[in-house]
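One structure, as structure tokens, below. Some questions next.
Every chain is named by a letter (A, B, C and D) in the order it is written, and numbering of its residues begins at 1.
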Amino acid sequence: MSATVRTLLAFALFAVALAIMPKIFPSGTALTMMSLMGVAIVFALSYNMLLGQTGLLSFGHAVYYGLAGFAAIHAMNWVVRNKIGVSLPFIPIVGAVAGLFFGIVFGSISTRRAGTVFAMISLGLGELVVAITLIMRGVFGGEEGISANRAKLEPFFGFKFGPQIEVYYLIAVWCFICVAAMYALTRTPFGRMCNAVRDNPERAEFVGYSTQRVRFIAFCLSALFAGVAGALGAITFELVNAQALSAQQSGLVLLMSYVGGVGHFFGPIIGAVLITLLQISLSDITKAWLLYFGLMFIFVVMFWPGGIAGFIDQHRPIVRSGRFGRLLPSYSALALPVAGIALGVIGIIELAHHQLVEAASEGSKMKLFGIATDSATVAPWLALVALLAVAGLVFRAIWPKAAEAFATANAAARGAAP
Amino acid sequence: MLELITFSTLNGVLYGMLLFMMASGLTLIFSMMGVLNFAHASFYMIGAYFGFEISRRIGFWPGFIVAPLLVGAIGALVERYGLRRVHKYGHVAELLFTFGLAFIIEELVQMFWGKLPVDYRVPPSLDFVAFRLFDTTYPAYRMFMLATAVAMFVFLFLVLKRTRVGLIIQAALTHPSMVAMLGHDVPRVFMAVFGVGAALAGLAGVIAGPALVTQPSMAALLGPILFVVIVVGGLGSLAGAFVASLLIGLVQTFAVAINASLADVIGPSADIFGDLGRVTVAQIAPVIPYLLLVLVLVFRPTGLLGNRES
Amino acid sequence: MSTALKLTDLRKSFGPTEIIRGLNLEVKQGERHAIIGPNGAGKSTMFHLVSGRIHPTSGTVELKGEDITGLQPFEINRRGLSRSFQVTNIFPKLTVFENIRCGVLWALGYRYSFWRFIDNLKDANARAEEVMDLIGLSARHETPAGILTYAEQRALEIGITIAGGADVIMLDEPTAGMSHSETDHAVALIRKISEGRTLVMVEHDMSVVFGLADRISVLVYGQIIASDTPQAIRANKAVREAYLGEEASA
Amino acid sequence: MRNSVVGLAMLAGVALAPVLVASPTVAQEMVKLGYIDPLSGGGASVGEIGLKHFQFLAEELNAAGGLAGKKVEIVPFDNKTNPQESVVQAQKAIDQGIRLLTQGNGSSNAAAISEFVTKYNDRNPGKEAIYFNYAAIDPILTNDKCSYWHFRWDASTDIKMAALSNFMKDRPNIKKVYLINQDYSFGQGMRKVSNEMIKAKRPDIQIVGDELHPLLKITDFAPYIAKIKASGADSVVTGNWGQDIALLLKAAADAGLQVDWYTYYAGGAGGPTAIKQTGLSHRVFDVTEGNANDAPEAAQKFETAFRARYGGVTVWYPRAVNQMRMVAKAAKDAGSVEPKAIAAKLEDMRFPLFDGGEGWMRKDDHQLFQPMYIRSFGPLDAGKKFDEEGTGWGWKVQGTVKAEDTIVPTTCKMERPK
């Protein structure tokens, strides 16, 4: 199977998956969540055009997402007010244009430099823009933001986009287009030079490329796609406010991309789906969810720098050469201690959180993993610490074996590969 | 008017010196290790909370001594078991590590001490009026803060100029790759620099906690300003960090006192700027540092006194 | 024969120290020109000045009659001058083929094109394959450049340099750190790639220098003290004293 | 690229995750009230306290027969103080069959929920939801952005200022007033109404300063205090809340500034501690709908029980009590817990309030009008029971403003269901 056919097949599968998801998860929440995942996928991929592809670490990417969101919401209101015959599916184009515009404006300042200084400028610009949005209430609607009613636009072949399902499909189509476009971008001369500039900017200058120009174009295109994401977000929520371009939003997209894996085109997609899911549902399960987010991030940075996609990628040659079976025994042996460590860590965090935060007003009695316990007593603490210690020791004992098994299988697989 | 100027100058210098206590450590760490430590302001916060915890149990003065040392130890541990591990993945990973760390520290502080500001008080021995100008008073505690910051500054200056360690650090500032060749145990030097930087930030936290506010968002509020300071001053330049600290301290303090807006200056034609035309300088005081950052990077990319490109 | 490269009274100071002190040099088109000189004479600095990595304090650099002083590296590259580095300077995460192709793109006019698939660029791919063959790395097509052997990386370094088809090639110590057999291999490669082009190279290995060069310039203490044919240089008294003498006795 | 197939497989795996989303199950004789407020992050401390109010009130209600005979259950949803997240959580609640919603923190979140509910009801007739607002006080919610499905029990900014300025009118020692507010929609609105009302009721008062400062970003108010001092003001009027009021008072004490403080939120978390620290005995005023120390006996009993139950937490929201009791009455009168029926009964309802007097839910804009109390904070008088935050100081009513005197006009033109 040639690479091109495989790619086309993958995108066909992606399209099918997008199309049938609502049949599998028809509830309103699931639809909203999947719509948000679509938005997040576009946003995270646009971010990875900078971080993963061009090596630019930005702490202010939400600026383009948010500003384009405002542009889109104003466009929606303007279209409704002036009764112009534009229907909702065309609104993301406004977002793209706005994203591109602000990308050009801010990019011309910030892409003069790379590395740490670029990161700092992105942070500074982000803070500036947030401050300005709060001051210019006329345009940005203060903290309440600007709202719109998407169902008031001209119907599109009879669709009014009131129901979430219709919005889901609108986002799915745009998401597909953007993913395909961004993927295609990585396969162009420009895309390749982005990688070259990421790997070795100096050398890129000596093969005729202005690294500053490469960074600038990458930045503008990335802002364009972030703009589409911002407009899609505006359509889902029918509301945009200053938080859409805040530092938290920028941090979130960084988290998505990094946890998913910046070294792999599809990494940010995994990250976007996973983080969106966790963000919306984890808070129902635990009040310490932000802490888990932080720990997850640090864990990925320290032990899994390739992210989830990187981890899977490492195993690809092994799976391909049919050697994954040989890893199973040592991996399944690891599963138990890993589960033990996870359980121990989660238990201790939950216990500590309950004792420190809630015990004062609600008493120290609590339910941990469905078991009634008391965070003020020593027993649960001891049990969890013991669990953690035992699991940790077992892990340390078997880890070298698993690592060795991986190394052997990997070497064999790569040796076998053409 | 005179009192406004006097007190604004005092407050501006004080704020600037506080910034410098943190920016100096941050600059040292960045220059030697290439790590822009996002968690630096978090050490400041930990310092304030440790100071609070110790002062309510034993007293302010023990906290004044012990808390910075504890924070320094934590910093050294972070370097040894966290940063060093990530080092092999490059500077971006290191930066992201400290970014995540800052996040976790904030969450942990919220868990241990709650989300509301804690009642970290000025010690009774310093709780009096230092002087009175017209009828505005200036608290002695603020003078103490100023004195501590100046003492620290002098100490740092002497260490850098007069000791062997200082010479190595200075060499490392200008020629980061050279340190290894001087035959020093580089990892240990890094750990020490990181620890000392954290301890300095911790000390700043201990003394700033009672005067300002000790709360979980104090790190997130200050962190970005610190980056502004070291970038505006020039990455790798201690003198630049000092100048930029004072500059930002004074600018931010004085900006608050200015009520003029664009409309006042250019008249009704400012209406074309919409809401921006009516915004006063005082209103935007806290974002002036970021404006400064962008301007400096556009017109003088190496910063005021810097000579390193990145 | 017209002049490919001309340096006139070139000077460069770092702080109070002047490294290049009024350097004059002329390289004719189609010539293989070697620069020799003791360590610290300023050979690499001169390369950096010509290729635009750093800018001279005073003096001019002319490429094929055009003043290129103070231009950026990419501008100089686009005018037909390409250089290699003493310390291997490649794109470590890209494959060998991608590395070469990066060197081809601008020269073939693809610039910042983001509307064409790179795999469909027949001329760029053919040209890259050609260079791969030339440098003998065809078997390493899909290998990430970062995991090549040292000698292979040096070959790749040269491959990237010549891929764009520049007519002035500057090689900075192409055989440094190589074994004898590797060096022989490299010399053959350099001979092959420099056919019909102007070659300027810095080299320490005298057998390589005298085997390859049409002309040799001797750079000592920031100045060219002699510029002549290999025979004449061998015979030049000043050169022997300043440089070859030490080398010969060593 | 061959990675694509693998990437897709990973994607599909992650995408299955929405299964985790709870499927709707509604017990027959239960009625659920969705509580949408921050339960994590910086806003959580306030959100948790609100939740305790509603849980306590649900118990009280259930003991007295529940809502139209059905037991009430409070279901918390964490909106992370983010309007867009509020919309997602409201959607989640409705998906779980919850059609009674309440929220209070942040007018931006309130506006988002109000608009979401209105659009949802418009698009899903017969499945309406209703939103009870217990603390978001931007006037816009009962004016330009008013909705038939939104009811507000807290006094809006302009009502509070009407009450506060009525009180200030009779205090001849006020001659020079300094306004300081946070620079965002609430603070800006606050600035506007204070300017207008003070000028209208006491033209002789000179407004010597009118300051806006960035929201929650100032760590040292000393420069502002220097300015207030230089202006010669004798009173400061501020809408600051959270750390911005605590730090402002602290800086004032440091500089020895002797003025009276007229505030909205000095009673919020951390406020009482700050006032006690600064020693400003009975010089800090706030405006509320009730005060435990001067309340009717039933309310004092409630306060005592509440404090005993939750480790000394104060009843911050007497309005939440009014809200739940009025909703219960509406449900009882209608004999139904259908939002449509409850809404119809709530309109124009008159009801004896928790802190005495009568409240009136105006039909035009769904704003509750109630007597307002101006209190000051200082050492507890003999016989008074309730101090704050363990300071030994408590609130004392200094003036009462009748409900009639707080009536402000509205621009609301709401769409009523047919």
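The definition used in the following text is that a residue touches a chain if its C-beta (ideal position, glycine included) is under 8 Å from a C-beta of that chain, and two chains touch if they have at least 3 such contacts.
Nothing here was measured: the structure is a model prediction, and the numbers come from that model.
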{"item": "Pair joined by more contacting C-beta pairs (A-D or A-B)", "value": "A-D"}
{"item": "Farthest-lying chain, centroid of Cα atoms versus that of chain B", "value": "C"}
{"item": "Chain nearest the overall C-alpha centroid of the shown protein atoms", "value": "A"}
{"item": "Where chain B and chain D are represented by their mean Cα positions, the distance between them in whole Å", "value": "36"}
{"item": "Interchain centroid distance [CA atoms averaged], chain A/chain B, Å", "value": "31"}
{"item": "Between chain B and chain C, centroid-to-centroid distance (C-alpha), Å", "value": "47"}
{"item": "Contacts with 2+ other chains: residues of chain A", "value": "131, 135, 137, 288, 290"}
{"item": "Junction residues of chain B - those touching two or more other chains", "value": "114, 283, 286-287"}
{"item": "Junction residues of chain D - those touching two or more other chains", "value": "44, 183, 214"}
{"item": "Set of all touching chain pairs, with the criterion as stated earlier", "value": "A-B, A-C, A-D, B-D"}
{"item": "Interfacial residue positions of chain B with respect to chain A in the complex", "value": "36, 82, 85-86, 89, 91-93, 95-97, 99-101, 103-104, 107-108, 111-112, 114, 224, 227-228, 231, 235, 274-276, 279, 283-284, 286-287, 290-291, 293-294, 297-298, 301, 309-310"}
{"item": "Partner chain B, residues of chain D touching it in the complex", "value": "42, 44-45, 183, 211-214, 216-220, 222-224, 226-227, 229-230, 243, 246-247, 250, 254-257, 269-270, 273, 277"}
{"item": "In the complex with chain D, residue positions of chain B that touch it", "value": "1, 3-4, 7-8, 11, 15, 114-117, 119, 121, 129, 132, 135-139, 142, 211-213, 215-218, 221-222, 253-254, 256-257, 280, 282-283, 285-287"}
{"item": "Residues of chain A that touch chain D when the two form their complex", "value": "3, 6-7, 9-11, 13-14, 17, 21, 25, 27-30, 32-34, 36-37, 131, 134-135, 137, 141-145, 147, 149, 151, 162-164, 183, 233, 237-239, 241, 243-244, 264-266, 269-270, 273-274, 277, 280-281, 283-284, 287-290, 308-309, 312-313, 316, 360-362"}
{"item": "In the complex, chain D residues that touch chain A", "value": "1-8, 10-12, 14-15, 17-24, 39-41, 44, 48, 52, 77-78, 80, 82-84, 87-88, 91-92, 94-95, 106-108, 111-112, 115-116, 119, 122-123, 138, 140, 183-186, 188, 214-215, 310-311, 313"}
